Amino acid sequence: STTDPGKERSGGGTLERAKQQGYIQVGFANESPYGFTDKSGKLTGEAPELARVVFKELGIKDVRGVQVDFGGLIGGLQARRFDTIAAGMFITPERCAQVAFADPDYVATTAFLVPKGNPKGIKRFEDAAKQNIKVGVLTGAVEEGYATKLGVKKGNIKTFADQPSAYEGLKAGRIDAIALTRISLADTLSKHPGAPYELTEAFVPLIDGKEQFGAGGFAFRKADTDLLNAFNGKLAELKQNNRLLPIIQPFGFTQAELPGSHTAAELCKG
Amino acid sequence: MSDVLSSYPLLLRGAWVTIQLTVYGSALALVLAFVFGLMGGARSAWVRAVGRVYVEFFRGTATLVLMYWLFYALPLIGFRFAPMFAAVLALGLNVGAYGAEVVRGAVKAVPKAQFEATIALNMRPWQRLRRVLLPQAVALMLPPFGNLLIELMKGSAVVSLISIADLMLRAQQLRQSTGQTTAVFLVILVIYFVIAQVLQLLVRYMERRADVMLGRRPGRAARSALDTLGAAK
Amino acid sequence: MATTDSAAQALPPREHADGIRFEGVVKRFGDNVVLRELDFAVAPGERVTLIGPSGSGKTTILRLLMTLEKVDDGVIWVNGHPLSHMKRGERLVPADDKYLHKVRGDIGMVFQQFNLFPNMSVLRNVTEAPVHVLKLSRDEANERARGLLDLVGLADKADSHPAQLSGGQQQRVAIARALAMQPKILLLDEVTSALDPELVAGVLDVLRDIANETDITMLCVTHEMGFARDVSHRVLMFDQGQIVEEGSPEKIFSEPENQRTQDFLHAVLDQH
Amino acid sequence: MATTDSAAQALPPREHADGIRFEGVVKRFGDNVVLRELDFAVAPGERVTLIGPSGSGKTTILRLLMTLEKVDDGVIWVNGHPLSHMKRGERLVPADDKYLHKVRGDIGMVFQQFNLFPNMSVLRNVTEAPVHVLKLSRDEANERARGLLDLVGLADKADSHPAQLSGGQQQRVAIARALAMQPKILLLDEVTSALDPELVAGVLDVLRDIANETDITMLCVTHEMGFARDVSHRVLMFDQGQIVEEGSPEKIFSEPENQRTQDFLHAVLDQH
Amino acid sequence: MIWDWHFAGKILPDLLRGLVVTVEATLLGYAVALVLGLLWAVLRRSPSRVVNQVVRWVVEFIRSTPLLVQLFFLFFALPSIGLTFSALVTGVIGLGVHYSSYTSEVYRAGIADVPAGQWEATTALNLPRRRVWFGVVLPQAVRKVIPTLGNYLIAMFKDSPLLLAITVPEMLHSAYDVGAKSLRFLEPMTIVGVLFVIVSVLSSLLLRRLEFRYGNN
């Protein structure tokens, strides 16, 4: 199981190898609806389903999932535990320094999950800061940064390991609202029909007058340029032929979440 | 709840992985425990020191941290183990360190008089160990080993961190797909408990065998403070 | 098992007569000097009893002979070979394992607490060392063991476990186990004092038989004055790590000269 | 500590004479019937010695009296109260804790292994029960304890810990501890057999003093025939859970009638 | 991914702050485990069959199921019956209750090791129950098990990273935090590992001295 470190680092050839062996391994963080396993144990979600279509057309028949912590996605990619990240990971300048992103396959808006009727009237982070309420976010996710920068006190930001935990936290009254992408929250809510919670209207946080765009895409090792280029080519084709939405629609994505003409290069600049 | 129960094949698959981890991990731990435990009782100070370093280092390392290292960091310098192998290695190294202390303590706990009797019969060092000290020490080791076995089984829950689809990871997936936190955890608590009880039955059986070997009546009377000797996980 | 030192291979030449000989033996435990320059000898075939108050060093003497302890000074000779030292060229150096293994071959010991191996049957206890140390075949060893178990009256217990025997029976097995190695010298340390009063007689009878029927050298520590009188050729009275009186059992028990001996015998015999 | 059952409050009326009385007592351990329909009585102030071979059930008798074991059948009467049963209305029912607590008040016991509390000083060992059971003030208890320690010759060891004492001294503390509760009946189970031979005399002397100076009822198991002869009014010879012979010490020791007794005395006295 | 000393130095204060929380949670949890374990052990000797069987199975259940799952359970299920504690308190209770199942076994062994003669002497002296436990049995039992109990402090310390899962800002949590922000995991995880080894080796040295003092009595 040891490998040649020199060859490891030079990378490349991943596309060829995947074609030969007939499958590609993708990393996911078990986060619904981006990448998760369904009740029968099958890997599914926005990113894995997209991966199935793209890689099939690239001549790779099968997509196999490797589940790690969200925090372990980039480490796992670099450790060659898998060849691409299919977890709807946001494209940010910091991450771009570590890995090569494909062009985004969706853009996300932010929302809050709050008790029905939104008694505290929370629409944006600024309201949360003013009302001095407790906001739940996920460990390592971008919302924590938004909340801090927009004035929510550190003690009022509670980080949770995953969505179900955050939801339980809300239910238990540990927090007053969950701040996350609208997509994630809609997904959570769909699992608890009749629960006394509702989604606030989606918004794009403004920090220092700049819109904080969340756009997610696949990530590859920097050495795997062949794979990245092939992927980007296919993705562009799908976008052009309006084939993207049907693939991701089952997971709650709508027209509003389509990435339009945003590119990875643009998002990497910040 | 019914949502959760209807997904039982997933949970059973997870439980099976947990059992495999337990079996492989404890096999490795057993080997390491004897190798390093016997080193810890050796006459040469150097050999003893090696045993000590192993024990101190791996007892002091949280399995979680060790697994991260094996999974994420080692590949960067060219060693990539299969995830299952990394998990078994981490569990085995950790529990083996505790086991080594059990082995060392048990050999030491065999009455000194037994050792002296072997000298009076002019046995060789290896014969003393093999014929007299170890058989008796093993009887003393069984109860603490039983505890370590359960520890290992429980400890295996952290392997979900490195992509192994054990019971814990299946539970997390199920929470994600059903949102039923309480129900999922209740069910897997029960599954873990059942696995643990089965393991205990196994250990009890071996203890009875050891009692027969020592000509004792079956009974738990012989389990005294030694019981807890290695139990400090 | 290649030998690195050929001097240790063969036992050194016999410089003293056969039997046991203590020459200026000193033994300390920390600050506690237990034996101070002890000199005495036991002839081959002689049966000697050590008596003396608790803590006077009787057990220590037997343990030194059995190489369970090391002397701090002086030399112990067993059948003409130094014990706990060996010759390397002209010098006496501390004995190594290999050498100890050789000299121990002549000595057997029966302990106060029997120390049978609980993980083996009675027969196995007796055959274990003959098979693995003397390299007898299993059959030979079994035969020898059954003969000895017969001698100690336990032929029917061969397959029992030690835990299933009474103390007296266990002690008799321990005697058989020691004899199975056919030692020239037998060390006995208060072999009956851990037994219930009624079980003592059986064990002592066995030892009397052995004393009468063999010419094994016996060194025993005992509080059983009757036994000492019947069996031993000579009694040594110890006190504070020194021999304060010695003589035939008749003399020591009926007309002890030393005050300490008189007090001791008085105390031991009087309680009953 | 409210009582739920007022019948248990006061001890039931005395239906038998004072002292100890066994009526058809049966005691089993599993299949092993240790006492079979045992009947015997000890008068107040009487001193009785139990002798008999190992395993004959002597200890069991004392342990039954001390309520450390429960009878399987029959009744034991202590100073006219049934032990291990109590009256509820007309029926005898198994005794509850509260009742046992009451009847135990009359009985003290000294164990073979002393069983001092290692975590307390000698003085504390002796005062513990008087303070917490008899509710004496600490001062009274101390005074009583010092008197008793004086009696057993250990006045200067009051502040030592048991581990710092010799076996004989520990046993004397244990005697003082039992006496501090001023029991009417004192049970002694081979109180010297765990002691080194030289320490036995001191303990026996203390017991002789107590026997001579008080009229406490004493029931003792001992192998010290000299002591039994000096101290006891009556000797009971046990075998297999039954009394096979009884009589004055003179008679039992000099002209035993029963064969079993003869053999036993022969075995015990002969070894020395 | 090459080791970056500068970065390591920068994140160290954050991790040390996490360590303080880790140590705090461990010590508080240990106190809970010591007290609760003793309670279990004493209840196990209760003459009432119901009490001692119930306690036995409860302890067995706690002992043979993973702490991680128990923590989730406490954190999310307790509020539904109206008990809402902070994350840290939940963590302390979780660690304490889990480890009480171990300490109770230790105490139990210690109690069983008190010679039967001691119990019999208390009966012969008619001592009241409270004195039997507090005057005679527990002082002897506890003294004997001090070294063993100490081992569980280390074990507990090593399990404290699990509190990460219920949002307690302990050391591993800090490491994840730093890692998620910087996307460098090598340094924080390694430092955490090293800190863990340092703290446990130090405590085990300390325990060895304890053992030396109490062990051979």
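Which chain is which? They are A, B, C, D and E, in the order written, and residues in each are numbered from 1.
By definition in this document, a residue touches a chain if its C-beta (ideal position, glycine included) is under 8 Å from a C-beta of that chain, and two chains touch if they have at least 3 such contacts.
Protein names from UniProt, one per chain: B = Glutamine ABC transporter permease; C, D = L-cystine ABC transporter ATP-binding protein YecC; E = Ectoine/hydroxyectoine ABC transporter permease subunit EhuD.
Note that the coordinates shown come from a computational prediction; the quantities given were computed from them, not determined experimentally.
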**Request:** Identify the chains in contact with chain A as well as chain D, in label order.
**Result:** E
**Complete:** Chains adjacent to chain C and to chain D under the stated definition are none
**Item:** Highest C-beta pair count, chain pair
**Value:** B-E
**Complete:** chain A and chain C have mean C-alpha positions lying a whole-number Å distance apart equal to 82
**Complete:** Whole-Å distance, C-alpha centre of chain B to that of chain E, is 19
**Request:** Provide the C-alpha centroid distance between chain B and chain D, rounded to the nearest whole angstrom.
**Result:** 50
**Message:** Please tell me the distance, in whole Å, between the geometric centres of chain A and chain B computed from their C-alpha atoms.
**Reply:** 38
**Prompt:** So which bits of chain C are touching at least two other chains?
**Reply:** none
**Asked** Which residues does chain E have that touch at least 2 chains other than itself?
**Response** 1, 72, 76, 80, 185
**Prompt:** Which chain A residues reach two or more other chains?
**Reply:** 72, 75, 78, 165, 168
**Prompt:** Name the touching chain pairs, would you?
**Reply:** A-B, A-E, B-C, B-E, C-D, D-E
**Request:** Please name which positions on chain E make contact with chain B in the complex.
**Result:** 1, 61, 63-70, 72-73, 76-77, 80, 102, 105-106, 109-110, 112-113, 144-145, 148, 150-152, 154-155, 158-159, 161-162, 172, 185-186, 189-190, 192-193, 196-201, 204
**Fill in**
As the complex stands, chain E meets chain D at residues 115, 117-118, 120-121, 123-128, 131, 135-136, 139-140, 143
**Item:** Residues of chain A touching chain E in the complex
**Value:** 70-72, 74-75, 78, 94-95, 97-98, 139-141, 145, 158-161, 165, 168-169, 171-174
**Request:** Show which residues of chain B lie in contact with chain C when the two form their complex.
**Result:** 111, 113-114, 116-117, 119-125, 127, 131-132, 135-136, 139, 213-216
**Message:** Help me check something: in the complex, which residues belonging to chain B touch chain A?
**Reply:** 3, 6-7, 9-10, 13, 68, 71-83, 85, 160-163, 165, 169-170, 172-179, 181
